[in-house]
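Encoded as C-alpha coordinates, the structure appears first; notes follow it.
Order of writing sets the chain letters: A, B, C, D and E. Residues in each chain are counted from 1.
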Amino acid sequence: MDEIVVSILKMLVAGAICWINFVIIDTYFGLPEQPGVLGAKMIGEKVKDIGGNLHGGYFMGNIVCSPDASAGTLLASIMNYLMGVEGGLITALLVWIGNRLCADPGYAGTIGALTITAIISLLKPIIEPKYFVAGMVLAIFTIQGLDHKHASLLLGKIAKKMNRGE
Amino acid sequence: MDILEIVIGAVALLMTLRIFLERSRARKLLYLCCLSFCISALIALYVKSPMGGITAIVYFITSTLSSNAIAYTIEQTKHIE
Amino acid sequence: MKNLEVLPLISGVCCILGGLGVVLHTNPINKIIMLALLEIGMIGLIVSSYYLDIAIISSICEPICTIILLLGYMKYLTTIKKKKKFGRDLPVLSK
Amino acid sequence: MDLVQYILYLGYALLIIGTLGAILGPKVEDPLIRFLNVEVPSIGVALIFLTYDEDLALMTFIAVNAILSLILIRALILKEKYESE
Amino acid sequence: MQILILYLVSLITSIVVAALLKMPLIQKSRPIRFSFETSILFPTPILALGIEAIFRNLFGDYITLAFFAGLFGALLSKYSDKIFGEP
(Lines give C-alpha, C1' and ligand atoms only; values in the text may rest on other atoms or scores of the structure.)
Protein backbone atom coordinates (compact mmCIF):
# COMPACT_ATOMS: atom_id res chain seq x y z
CA MET A 1 0.00 0.00 0.00
CA ASP A 2 2.90 2.31 0.74
CA GLU A 3 4.54 1.78 -2.65
CA ILE A 4 1.45 2.99 -4.51
CA VAL A 5 1.42 6.32 -2.65
CA VAL A 6 5.14 6.82 -3.31
CA SER A 7 4.77 6.09 -7.02
CA ILE A 8 1.79 8.43 -7.37
CA LEU A 9 3.81 11.19 -5.66
CA LYS A 10 6.74 10.60 -8.03
CA MET A 11 4.36 10.74 -11.01
CA LEU A 12 2.87 14.07 -9.90
CA VAL A 13 6.32 15.65 -9.39
CA ALA A 14 7.47 14.43 -12.82
CA GLY A 15 4.28 15.82 -14.38
CA ALA A 16 4.92 19.24 -12.85
CA ILE A 17 8.49 19.27 -14.21
CA CYS A 18 7.29 18.31 -17.71
CA TRP A 19 4.51 20.95 -17.66
CA ILE A 20 6.92 23.76 -16.75
CA ASN A 21 9.44 22.57 -19.36
CA PHE A 22 7.20 22.41 -22.39
CA VAL A 23 5.06 25.46 -21.64
CA ILE A 24 8.11 27.71 -21.18
CA ILE A 25 9.90 26.44 -24.31
CA ASP A 26 6.80 26.62 -26.49
CA THR A 27 5.97 30.12 -25.33
CA TYR A 28 9.54 31.34 -25.81
CA PHE A 29 9.68 30.12 -29.40
CA GLY A 30 6.56 32.02 -30.33
CA LEU A 31 3.69 29.55 -30.58
CA PRO A 32 1.02 31.92 -29.17
CA GLU A 33 2.20 34.78 -31.37
CA GLN A 34 0.96 33.71 -34.80
CA PRO A 35 -0.65 30.60 -36.33
CA GLY A 36 1.99 28.72 -38.26
CA VAL A 37 -0.35 26.83 -40.61
CA LEU A 38 -3.91 27.50 -41.77
CA GLY A 39 -5.54 24.88 -39.52
CA ALA A 40 -4.24 26.46 -36.30
CA LYS A 41 -6.01 29.73 -37.14
CA MET A 42 -9.36 27.92 -37.35
CA ILE A 43 -8.87 26.17 -34.00
CA GLY A 44 -7.90 29.46 -32.34
CA GLU A 45 -11.05 31.16 -33.58
CA LYS A 46 -13.24 28.24 -32.45
CA VAL A 47 -11.69 28.39 -28.96
CA LYS A 48 -12.33 32.14 -28.88
CA ASP A 49 -16.00 31.53 -29.72
CA ILE A 50 -16.60 29.59 -26.49
CA GLY A 51 -15.18 32.40 -24.36
CA GLY A 52 -11.44 31.68 -24.30
CA ASN A 53 -8.39 33.70 -25.22
CA LEU A 54 -7.26 33.98 -28.88
CA HIS A 55 -3.53 33.54 -28.23
CA GLY A 56 -4.12 30.54 -25.98
CA GLY A 57 -6.20 29.11 -28.82
CA TYR A 58 -3.31 29.59 -31.24
CA PHE A 59 -1.07 27.71 -28.76
CA MET A 60 -3.45 24.73 -28.64
CA GLY A 61 -3.91 24.72 -32.41
CA ASN A 62 -0.17 24.73 -33.04
CA ILE A 63 0.25 21.72 -30.73
CA VAL A 64 -2.39 19.81 -32.73
CA CYS A 65 -1.04 20.72 -36.17
CA SER A 66 2.68 19.99 -35.76
CA PRO A 67 4.88 18.09 -33.27
CA ASP A 68 6.28 20.78 -30.96
CA ALA A 69 8.02 20.73 -27.59
CA SER A 70 5.21 18.65 -26.07
CA ALA A 71 5.86 15.84 -28.56
CA GLY A 72 9.60 16.24 -28.04
CA THR A 73 9.19 15.87 -24.27
CA LEU A 74 7.05 12.72 -24.49
CA LEU A 75 9.12 10.94 -27.15
CA ALA A 76 12.46 11.80 -25.55
CA SER A 77 11.31 10.43 -22.18
CA ILE A 78 10.10 7.25 -23.94
CA MET A 79 13.46 6.75 -25.64
CA ASN A 80 15.32 7.53 -22.41
CA TYR A 81 13.28 4.82 -20.70
CA LEU A 82 14.11 2.30 -23.44
CA MET A 83 17.66 3.11 -24.60
CA GLY A 84 19.45 5.55 -22.34
CA VAL A 85 20.89 8.95 -23.23
CA GLU A 86 21.46 8.08 -26.92
CA GLY A 87 17.71 7.79 -27.42
CA GLY A 88 17.33 11.51 -26.85
CA LEU A 89 19.60 12.28 -29.83
CA ILE A 90 17.66 9.93 -32.14
CA THR A 91 14.43 11.58 -30.98
CA ALA A 92 15.78 15.03 -31.83
CA LEU A 93 16.62 13.88 -35.40
CA LEU A 94 13.23 12.24 -36.05
CA VAL A 95 11.23 15.11 -34.52
CA TRP A 96 13.10 17.60 -36.76
CA ILE A 97 12.16 15.56 -39.85
CA GLY A 98 8.52 15.44 -38.71
CA ASN A 99 8.50 19.19 -38.08
CA ARG A 100 9.80 19.90 -41.54
CA LEU A 101 7.11 17.65 -43.10
CA CYS A 102 4.44 19.77 -41.34
CA ALA A 103 5.92 23.11 -42.61
CA ASP A 104 7.31 24.34 -39.29
CA PRO A 105 10.83 25.68 -38.58
CA GLY A 106 11.51 23.05 -35.93
CA TYR A 107 13.27 24.98 -33.18
CA ALA A 108 10.84 24.08 -30.39
CA GLY A 109 10.77 20.30 -30.90
CA THR A 110 14.51 19.63 -30.94
CA ILE A 111 15.38 21.97 -28.07
CA GLY A 112 12.56 20.53 -25.95
CA ALA A 113 13.86 17.00 -26.55
CA LEU A 114 17.42 17.97 -25.63
CA THR A 115 16.44 19.79 -22.41
CA ILE A 116 14.27 16.95 -21.12
CA THR A 117 17.17 14.55 -21.83
CA ALA A 118 19.44 16.70 -19.65
CA ILE A 119 16.84 16.90 -16.86
CA ILE A 120 16.23 13.14 -16.85
CA SER A 121 19.94 12.30 -16.78
CA LEU A 122 20.35 14.66 -13.81
CA LEU A 123 17.39 13.27 -11.85
CA LYS A 124 17.88 9.58 -12.69
CA PRO A 125 18.86 8.37 -9.15
CA ILE A 126 15.68 9.82 -7.60
CA ILE A 127 12.91 9.53 -10.24
CA GLU A 128 13.12 6.79 -12.86
CA PRO A 129 12.34 7.74 -16.53
CA LYS A 130 9.22 5.55 -16.41
CA TYR A 131 7.44 8.13 -14.28
CA PHE A 132 8.15 10.93 -16.76
CA VAL A 133 6.10 9.15 -19.45
CA ALA A 134 2.98 9.01 -17.29
CA GLY A 135 3.62 12.52 -16.00
CA MET A 136 3.73 13.94 -19.51
CA VAL A 137 0.36 12.32 -20.30
CA LEU A 138 -1.16 13.95 -17.23
CA ALA A 139 0.39 17.30 -18.21
CA ILE A 140 -1.06 17.22 -21.73
CA PHE A 141 -4.42 16.11 -20.27
CA THR A 142 -4.70 19.30 -18.22
CA ILE A 143 -4.27 21.44 -21.35
CA GLN A 144 -6.03 19.62 -24.19
CA GLY A 145 -8.55 17.43 -22.47
CA LEU A 146 -9.98 18.90 -19.29
CA ASP A 147 -11.46 22.36 -19.89
CA HIS A 148 -10.63 24.36 -22.98
CA LYS A 149 -11.87 27.75 -21.77
CA HIS A 150 -9.90 28.08 -18.55
CA ALA A 151 -6.79 26.45 -20.05
CA SER A 152 -6.69 28.99 -22.88
CA LEU A 153 -7.18 31.85 -20.41
CA LEU A 154 -4.21 30.60 -18.34
CA LEU A 155 -2.01 30.18 -21.44
CA GLY A 156 -2.89 33.67 -22.65
CA LYS A 157 -1.91 35.14 -19.28
CA ILE A 158 1.47 33.35 -19.40
CA ALA A 159 2.03 34.53 -22.99
CA LYS A 160 1.30 38.13 -22.05
CA LYS A 161 3.75 37.95 -19.16
CA MET A 162 6.56 36.66 -21.41
CA ASN A 163 5.98 39.35 -24.11
CA ARG A 164 4.74 36.92 -26.76
CA GLY A 165 1.38 37.99 -28.10
CA GLU A 166 -0.66 41.18 -27.58
CA MET B 1 -0.88 -4.50 -14.24
CA ASP B 2 1.13 -1.50 -13.21
CA ILE B 3 -0.30 1.62 -11.57
CA LEU B 4 1.10 3.84 -14.38
CA GLU B 5 -0.67 1.86 -17.11
CA ILE B 6 -3.96 2.07 -15.21
CA VAL B 7 -3.71 5.87 -14.95
CA ILE B 8 -2.87 6.29 -18.67
CA GLY B 9 -5.66 3.86 -19.60
CA ALA B 10 -8.22 5.81 -17.59
CA VAL B 11 -7.24 9.03 -19.39
CA ALA B 12 -7.47 7.29 -22.79
CA LEU B 13 -10.93 5.85 -22.00
CA LEU B 14 -12.24 9.28 -20.97
CA MET B 15 -10.86 10.84 -24.17
CA THR B 16 -12.54 8.18 -26.34
CA LEU B 17 -15.94 8.84 -24.78
CA ARG B 18 -15.54 12.61 -25.15
CA ILE B 19 -14.66 12.29 -28.85
CA PHE B 20 -17.81 10.23 -29.42
CA LEU B 21 -20.12 12.67 -27.61
CA GLU B 22 -18.67 16.07 -28.66
CA ARG B 23 -20.71 18.15 -31.15
CA SER B 24 -18.20 20.71 -32.46
CA ARG B 25 -15.85 19.56 -35.23
CA ALA B 26 -12.81 21.61 -34.23
CA ARG B 27 -12.81 20.52 -30.60
CA LYS B 28 -12.86 16.84 -31.62
CA LEU B 29 -9.36 17.36 -33.02
CA LEU B 30 -8.03 18.54 -29.62
CA TYR B 31 -9.33 15.40 -27.92
CA LEU B 32 -7.92 13.25 -30.76
CA CYS B 33 -4.47 14.75 -30.16
CA CYS B 34 -4.64 13.87 -26.46
CA LEU B 35 -5.74 10.30 -27.28
CA SER B 36 -2.78 9.95 -29.64
CA PHE B 37 -0.39 10.93 -26.81
CA CYS B 38 -1.93 8.24 -24.58
CA ILE B 39 -1.68 5.45 -27.19
CA SER B 40 1.93 6.37 -27.97
CA ALA B 41 2.84 6.09 -24.28
CA LEU B 42 0.98 2.76 -23.94
CA ILE B 43 2.85 1.27 -26.93
CA ALA B 44 6.20 2.12 -25.35
CA LEU B 45 5.18 0.69 -21.97
CA TYR B 46 3.82 -2.52 -23.58
CA VAL B 47 6.76 -3.35 -25.89
CA LYS B 48 9.92 -3.03 -23.82
CA SER B 49 12.54 -2.84 -26.60
CA PRO B 50 14.07 -0.07 -28.78
CA MET B 51 11.98 -1.12 -31.79
CA GLY B 52 8.86 -0.26 -29.78
CA GLY B 53 10.23 3.23 -29.27
CA ILE B 54 10.76 3.68 -33.03
CA THR B 55 7.19 2.45 -33.62
CA ALA B 56 5.84 4.98 -31.11
CA ILE B 57 7.74 7.87 -32.74
CA VAL B 58 6.61 6.98 -36.29
CA TYR B 59 3.00 6.51 -35.15
CA PHE B 60 2.88 9.86 -33.37
CA ILE B 61 4.39 11.88 -36.24
CA THR B 62 2.08 10.37 -38.90
CA SER B 63 -0.95 10.90 -36.66
CA THR B 64 -0.03 14.58 -36.37
CA LEU B 65 0.29 14.80 -40.17
CA SER B 66 -3.20 13.36 -40.59
CA SER B 67 -4.85 15.79 -38.17
CA ASN B 68 -3.03 18.68 -39.86
CA ALA B 69 -4.70 17.74 -43.16
CA ILE B 70 -8.15 17.49 -41.52
CA ALA B 71 -7.84 20.96 -39.93
CA TYR B 72 -6.72 22.47 -43.26
CA THR B 73 -9.76 20.97 -45.02
CA ILE B 74 -12.20 22.32 -42.41
CA GLU B 75 -10.79 25.82 -42.97
CA GLN B 76 -11.03 25.46 -46.78
CA THR B 77 -14.58 24.11 -46.96
CA LYS B 78 -15.95 26.77 -44.58
CA HIS B 79 -16.33 29.23 -47.48
CA ILE B 80 -18.02 26.76 -49.81
CA GLU B 81 -20.76 25.54 -47.47
CA MET C 1 -11.00 -11.08 -19.45
CA LYS C 2 -8.69 -11.78 -16.54
CA ASN C 3 -5.32 -11.88 -18.29
CA LEU C 4 -5.67 -9.02 -20.77
CA GLU C 5 -3.36 -6.01 -20.65
CA VAL C 6 -4.41 -2.34 -20.83
CA LEU C 7 -3.49 -1.73 -24.51
CA PRO C 8 -5.84 -4.39 -26.07
CA LEU C 9 -8.76 -3.19 -23.92
CA ILE C 10 -8.35 0.46 -24.96
CA SER C 11 -7.89 -0.54 -28.62
CA GLY C 12 -11.05 -2.65 -28.55
CA VAL C 13 -13.09 0.21 -27.14
CA CYS C 14 -11.65 2.51 -29.86
CA CYS C 15 -12.62 -0.02 -32.58
CA ILE C 16 -16.24 -0.47 -31.41
CA LEU C 17 -16.91 3.24 -30.81
CA GLY C 18 -15.21 4.21 -34.07
CA GLY C 19 -17.26 1.73 -36.08
CA LEU C 20 -20.51 2.94 -34.56
CA GLY C 21 -19.46 6.57 -35.05
CA VAL C 22 -18.65 6.16 -38.76
CA VAL C 23 -22.12 4.72 -39.39
CA LEU C 24 -24.13 7.12 -37.20
CA HIS C 25 -22.66 10.52 -38.16
CA THR C 26 -23.86 12.17 -41.37
CA ASN C 27 -21.35 14.95 -42.11
CA PRO C 28 -18.40 13.55 -44.14
CA ILE C 29 -15.70 15.35 -42.12
CA ASN C 30 -17.11 13.87 -38.90
CA LYS C 31 -17.01 10.46 -40.57
CA ILE C 32 -13.35 10.94 -41.53
CA ILE C 33 -12.42 11.91 -37.94
CA MET C 34 -14.15 8.75 -36.70
CA LEU C 35 -12.25 6.76 -39.34
CA ALA C 36 -8.99 8.07 -37.84
CA LEU C 37 -10.21 6.74 -34.45
CA LEU C 38 -10.86 3.33 -36.04
CA GLU C 39 -7.34 3.25 -37.53
CA ILE C 40 -5.91 4.05 -34.07
CA GLY C 41 -7.66 0.98 -32.70
CA MET C 42 -6.36 -1.23 -35.50
CA ILE C 43 -2.75 -0.11 -34.99
CA GLY C 44 -3.05 -0.78 -31.25
CA LEU C 45 -4.31 -4.33 -31.87
CA ILE C 46 -1.50 -5.01 -34.36
CA VAL C 47 1.11 -3.81 -31.85
CA SER C 48 -0.40 -5.88 -29.05
CA SER C 49 0.32 -9.07 -31.01
CA TYR C 50 3.96 -7.95 -31.62
CA TYR C 51 3.92 -7.37 -35.40
CA LEU C 52 5.98 -4.16 -35.17
CA ASP C 53 7.03 -3.89 -38.85
CA ILE C 54 3.44 -4.11 -40.06
CA ALA C 55 2.49 -1.48 -37.49
CA ILE C 56 5.08 0.91 -38.99
CA ILE C 57 3.84 0.24 -42.57
CA SER C 58 0.22 0.68 -41.48
CA SER C 59 0.87 3.94 -39.67
CA ILE C 60 2.67 5.30 -42.75
CA CYS C 61 -0.22 4.33 -45.07
CA GLU C 62 -2.88 5.91 -42.81
CA PRO C 63 -2.33 9.65 -43.61
CA ILE C 64 -2.04 8.84 -47.33
CA CYS C 65 -5.55 7.32 -47.25
CA THR C 66 -6.88 10.27 -45.22
CA ILE C 67 -5.39 12.86 -47.60
CA ILE C 68 -6.86 11.04 -50.65
CA LEU C 69 -10.32 11.00 -49.03
CA LEU C 70 -10.12 14.69 -48.07
CA LEU C 71 -9.01 15.84 -51.54
CA GLY C 72 -11.77 13.75 -53.11
CA TYR C 73 -14.33 15.26 -50.74
CA MET C 74 -13.30 18.83 -51.62
CA LYS C 75 -13.52 18.17 -55.36
CA TYR C 76 -16.88 16.37 -54.95
CA LEU C 77 -18.28 19.32 -53.00
CA THR C 78 -17.24 21.87 -55.61
CA THR C 79 -18.72 19.69 -58.38
CA ILE C 80 -22.08 19.45 -56.57
CA LYS C 81 -22.24 23.20 -55.86
CA LYS C 82 -21.44 24.03 -59.51
CA LYS C 83 -24.09 21.60 -60.72
CA LYS C 84 -26.74 23.10 -58.42
CA LYS C 85 -26.00 26.66 -59.52
CA PHE C 86 -25.92 25.59 -63.17
CA GLY C 87 -29.13 23.59 -62.77
CA ARG C 88 -30.99 26.64 -61.55
CA ASP C 89 -30.19 28.47 -64.77
CA LEU C 90 -30.77 25.48 -67.04
CA PRO C 91 -34.63 25.49 -67.28
CA VAL C 92 -34.55 29.14 -68.32
CA LEU C 93 -32.21 28.30 -71.17
CA SER C 94 -34.13 25.21 -72.19
CA LYS C 95 -37.39 27.10 -72.50
CA MET D 1 -10.74 -14.75 -22.71
CA ASP D 2 -7.62 -15.17 -24.78
CA LEU D 3 -6.09 -12.40 -26.89
CA VAL D 4 -6.65 -14.29 -30.16
CA GLN D 5 -10.34 -14.92 -29.49
CA TYR D 6 -10.77 -11.29 -28.43
CA ILE D 7 -9.38 -9.98 -31.75
CA LEU D 8 -11.45 -12.53 -33.73
CA TYR D 9 -14.76 -11.52 -32.14
CA LEU D 10 -13.86 -7.84 -32.58
CA GLY D 11 -13.32 -8.43 -36.31
CA TYR D 12 -16.69 -10.19 -36.64
CA ALA D 13 -18.43 -7.33 -34.82
CA LEU D 14 -16.88 -4.76 -37.14
CA LEU D 15 -17.95 -6.78 -40.21
CA ILE D 16 -21.58 -6.94 -39.04
CA ILE D 17 -21.74 -3.25 -38.05
CA GLY D 18 -20.19 -2.09 -41.32
CA THR D 19 -22.32 -4.26 -43.60
CA LEU D 20 -25.59 -3.27 -41.96
CA GLY D 21 -24.54 0.37 -41.95
CA ALA D 22 -23.65 0.34 -45.64
CA ILE D 23 -27.11 -1.05 -46.55
CA LEU D 24 -29.53 0.81 -44.27
CA GLY D 25 -27.62 3.52 -42.46
CA PRO D 26 -28.80 7.14 -42.14
CA LYS D 27 -28.67 9.30 -45.31
CA VAL D 28 -27.11 6.52 -47.38
CA GLU D 29 -28.51 7.73 -50.73
CA ASP D 30 -25.50 10.04 -51.17
CA PRO D 31 -22.81 7.83 -52.78
CA LEU D 32 -19.93 9.44 -50.86
CA ILE D 33 -21.48 8.53 -47.49
CA ARG D 34 -22.09 4.96 -48.64
CA PHE D 35 -18.46 4.74 -49.77
CA LEU D 36 -17.24 5.96 -46.38
CA ASN D 37 -19.38 3.32 -44.66
CA VAL D 38 -17.74 0.59 -46.72
CA GLU D 39 -14.35 1.46 -45.11
CA VAL D 40 -15.49 -0.13 -41.83
CA PRO D 41 -15.77 -3.81 -43.00
CA SER D 42 -12.34 -3.61 -44.67
CA ILE D 43 -10.76 -2.99 -41.28
CA GLY D 44 -12.75 -5.93 -39.92
CA VAL D 45 -11.25 -8.13 -42.63
CA ALA D 46 -7.78 -6.85 -41.68
CA LEU D 47 -8.36 -7.90 -38.06
CA ILE D 48 -9.41 -11.40 -39.16
CA PHE D 49 -6.22 -11.66 -41.26
CA LEU D 50 -4.30 -10.72 -38.11
CA THR D 51 -5.91 -13.55 -36.16
CA TYR D 52 -4.80 -16.32 -38.54
CA ASP D 53 -1.14 -15.05 -38.62
CA GLU D 54 -1.24 -14.08 -42.31
CA ASP D 55 1.23 -11.22 -41.98
CA LEU D 56 2.15 -10.84 -45.67
CA ALA D 57 -1.53 -10.81 -46.69
CA LEU D 58 -2.23 -8.17 -44.04
CA MET D 59 0.54 -5.90 -45.30
CA THR D 60 -0.58 -6.23 -48.92
CA PHE D 61 -4.23 -5.61 -47.99
CA ILE D 62 -3.44 -2.39 -46.11
CA ALA D 63 -1.24 -1.06 -48.92
CA VAL D 64 -3.73 -1.90 -51.68
CA ASN D 65 -6.64 -0.39 -49.72
CA ALA D 66 -5.18 3.13 -50.06
CA ILE D 67 -4.88 2.76 -53.86
CA LEU D 68 -8.38 1.30 -54.12
CA SER D 69 -9.93 4.33 -52.41
CA LEU D 70 -8.19 6.57 -54.98
CA ILE D 71 -9.81 4.69 -57.89
CA LEU D 72 -13.28 4.60 -56.31
CA ILE D 73 -13.38 8.27 -55.40
CA ARG D 74 -12.18 9.17 -58.90
CA ALA D 75 -15.10 7.17 -60.31
CA LEU D 76 -17.55 9.05 -58.05
CA ILE D 77 -16.33 12.46 -59.24
CA LEU D 78 -16.49 11.40 -62.92
CA LYS D 79 -20.05 10.13 -62.45
CA GLU D 80 -21.19 13.44 -60.98
CA LYS D 81 -19.48 15.34 -63.78
CA TYR D 82 -21.10 13.28 -66.56
CA GLU D 83 -24.57 13.51 -64.98
CA SER D 84 -24.42 17.29 -64.95
CA GLU D 85 -23.80 17.50 -68.71
CA MET E 1 35.79 6.93 -23.29
CA GLN E 2 35.85 5.55 -26.83
CA ILE E 3 32.18 6.43 -27.29
CA LEU E 4 32.93 10.07 -26.45
CA ILE E 5 35.71 10.16 -29.08
CA LEU E 6 33.29 8.81 -31.72
CA TYR E 7 30.69 11.50 -30.99
CA LEU E 8 33.42 14.19 -31.00
CA VAL E 9 34.67 13.04 -34.43
CA SER E 10 31.20 13.27 -35.97
CA LEU E 11 30.59 16.71 -34.40
CA ILE E 12 33.86 18.22 -35.68
CA THR E 13 33.42 16.65 -39.14
CA SER E 14 29.92 18.06 -39.53
CA ILE E 15 30.99 21.59 -38.54
CA VAL E 16 34.02 21.54 -40.89
CA VAL E 17 32.01 20.23 -43.87
CA ALA E 18 29.25 22.76 -43.24
CA ALA E 19 31.84 25.55 -43.20
CA LEU E 20 33.29 24.26 -46.49
CA LEU E 21 29.78 24.35 -48.06
CA LYS E 22 29.57 28.12 -47.27
CA MET E 23 26.63 27.98 -44.88
CA PRO E 24 26.12 31.07 -42.65
CA LEU E 25 27.16 30.95 -39.01
CA ILE E 26 23.77 32.19 -37.74
CA GLN E 27 20.44 32.84 -39.44
CA LYS E 28 20.17 36.05 -41.49
CA SER E 29 16.46 36.96 -41.28
CA ARG E 30 15.87 38.68 -38.02
CA PRO E 31 13.07 37.30 -35.87
CA ILE E 32 15.18 34.20 -35.52
CA ARG E 33 12.42 31.91 -34.27
CA PHE E 34 10.34 32.10 -37.48
CA SER E 35 13.09 31.75 -40.13
CA PHE E 36 13.35 28.60 -42.24
CA GLU E 37 17.08 28.96 -43.04
CA THR E 38 19.60 26.41 -41.81
CA SER E 39 22.94 27.49 -40.38
CA ILE E 40 26.06 25.95 -38.84
CA LEU E 41 24.92 26.35 -35.25
CA PHE E 42 21.32 25.19 -35.20
CA PRO E 43 20.40 22.03 -37.03
CA THR E 44 23.76 20.68 -38.22
CA PRO E 45 25.33 19.30 -34.97
CA ILE E 46 22.02 17.81 -33.79
CA LEU E 47 21.48 15.95 -37.08
CA ALA E 48 25.06 14.64 -37.06
CA LEU E 49 24.76 13.35 -33.48
CA GLY E 50 21.43 11.65 -34.23
CA ILE E 51 22.74 9.88 -37.33
CA GLU E 52 25.84 8.78 -35.39
CA ALA E 53 23.64 7.34 -32.62
CA ILE E 54 21.63 5.33 -35.18
CA PHE E 55 24.81 4.04 -36.89
CA ARG E 56 26.46 3.05 -33.60
CA ASN E 57 23.44 1.07 -32.47
CA LEU E 58 23.03 -0.69 -35.82
CA PHE E 59 26.57 -1.49 -36.98
CA GLY E 60 29.06 -1.03 -34.13
CA ASP E 61 31.93 1.19 -33.02
CA TYR E 62 33.90 2.18 -36.12
CA ILE E 63 35.61 5.53 -36.59
CA THR E 64 34.90 5.57 -40.36
CA LEU E 65 31.16 5.44 -39.71
CA ALA E 66 31.47 8.47 -37.42
CA PHE E 67 33.12 10.40 -40.28
CA PHE E 68 30.35 9.44 -42.71
CA ALA E 69 27.68 10.38 -40.12
CA GLY E 70 29.08 13.91 -39.93
CA LEU E 71 29.19 14.13 -43.74
CA PHE E 72 25.56 12.99 -44.11
CA GLY E 73 24.41 15.39 -41.41
CA ALA E 74 26.00 18.39 -43.12
CA LEU E 75 24.59 17.41 -46.53
CA LEU E 76 21.07 16.90 -45.11
CA SER E 77 21.21 20.28 -43.41
CA LYS E 78 22.46 22.05 -46.55
CA TYR E 79 19.88 20.65 -49.00
CA SER E 80 16.91 20.44 -46.61
CA ASP E 81 14.75 22.96 -48.45
CA LYS E 82 15.16 20.98 -51.68
CA ILE E 83 14.11 17.73 -49.99
CA PHE E 84 11.14 18.92 -47.92
CA GLY E 85 10.00 21.74 -50.18
CA GLU E 86 10.10 25.50 -49.79
CA PRO E 87 7.29 26.76 -47.47
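What we mean here is this: a contact is a pair of C-beta atoms (placed from the backbone, for glycine too) under 8 Å apart; a residue touches a chain by one contact, two chains touch by 3 or more.
Each chain and its UniProt protein: D = (NiFe)-hydrogenase-3-type complex Eha, membrane protein EhaE.
In this text the structure is predicted, and so the values were computed from the model without any measurement.
Novice: Please identify each chain that touches chain A as well as chain D.
Specialist: Chains touching both chain A and chain D: none.
Novice: Can you give me the shortest step count from chain A to chain C, moving only between touching chains?
Specialist: 2
Novice: Suppose chain centres are the mean of their C-alpha atoms. Which chain sits farthest from chain B?
Specialist: E
Novice: Would you kindly say which chain has the C-alpha centre located farthest from the C-alpha centre of chain A?
Specialist: D
Novice: Please list the single chain whose C-alpha centre lies closest to the global protein C-alpha centre.
Specialist: So the chain nearest the centre of the shown protein is B.
Novice: Using Cα averages as centroids, what's the distance between chain B and chain D in whole Å?
Specialist: 22
Novice: Indicate the whole-number Å distance between the mean C-alpha point of chain C and the mean C-alpha point of chain E.
Specialist: 39
Novice: Distance from the CA centroid of chain D to that of chain E, rounded to the nearest Å?
Specialist: Once rounded, the distance between the two centres reads 44 Å.
Novice: Would you kindly tell me how far, in whole Å, the mean C-alpha position of chain E lies from that of chain A?
Specialist: The separation of the two C-alpha centroids amounts to 25 Å.
Novice: Check each residue of chain C and list the ones that touch at least two other chains.
Specialist: Within chain C, the residues that touch at least two other chains are 20, 32, 48, 73.
Novice: What parts of chain D, by residue number, touch at least two of the other chains?
Specialist: none
Novice: Going by the touch rule set out above, which residues of chain A reach two or more other chains?
Specialist: 83, 87, 94, 101
Novice: Edges wherever two chains touch, nodes for the chains themselves; is that graph a line, a ring, a star, complete, or other here?
Specialist: line
Novice: Spell out all pairs of chains that touch, sorted by label.
Specialist: Inter-chain contacts occur between A-B, A-E, B-C, C-D.
Novice: In their shared complex, at which residues does chain C touch chain D?
Specialist: Result: residues 1, 4, 8, 12, 15-16, 19-20, 22-24, 26, 28, 31-32, 35, 38-39, 42, 45-46, 48-49, 51, 54, 57-58, 61, 64-65, 68-69, 72-73, 75-76, 79-80, 82-83, 86-87 of chain C touch chain D.
Novice: Which of the residues in chain C come into contact with chain B in the complex?
Specialist: 5-7, 9-10, 13-14, 17, 20-21, 27, 29-30, 32-33, 36-37, 40, 43-44, 47-48, 50, 52, 55-56, 59-60, 62-63, 66-67, 70, 73-74, 77-78, 81
Novice: Can you list the residues on chain E that touch chain A in the complex?
Specialist: 31, 33-36, 42-43, 46-47, 49-54, 56-57, 80, 84, 87
Novice: Applying the document's contact rule, which stretches of chain A touch chain B when the two form their complex?
Specialist: Listed in rising order, the residues are 4, 7-8, 11, 37-43, 46-47, 60-61, 63-67, 70-71, 74-75, 78-79, 81-83, 87, 91, 94-95, 97-98, 101-102, 130-131, 133-134, 136-138, 140-141, 144-145, 148.
Novice: Using the touch definition up top, name the residues of chain B that touch chain A in the complex.
Specialist: For this pair, the touching residues of chain B are 3-4, 7-8, 11, 14-15, 18, 24, 26-27, 29-31, 33-34, 37-38, 40-41, 44-45, 48-50, 52-53, 56-58, 60-61, 64-65, 67-68, 70-72, 74-76, 78.
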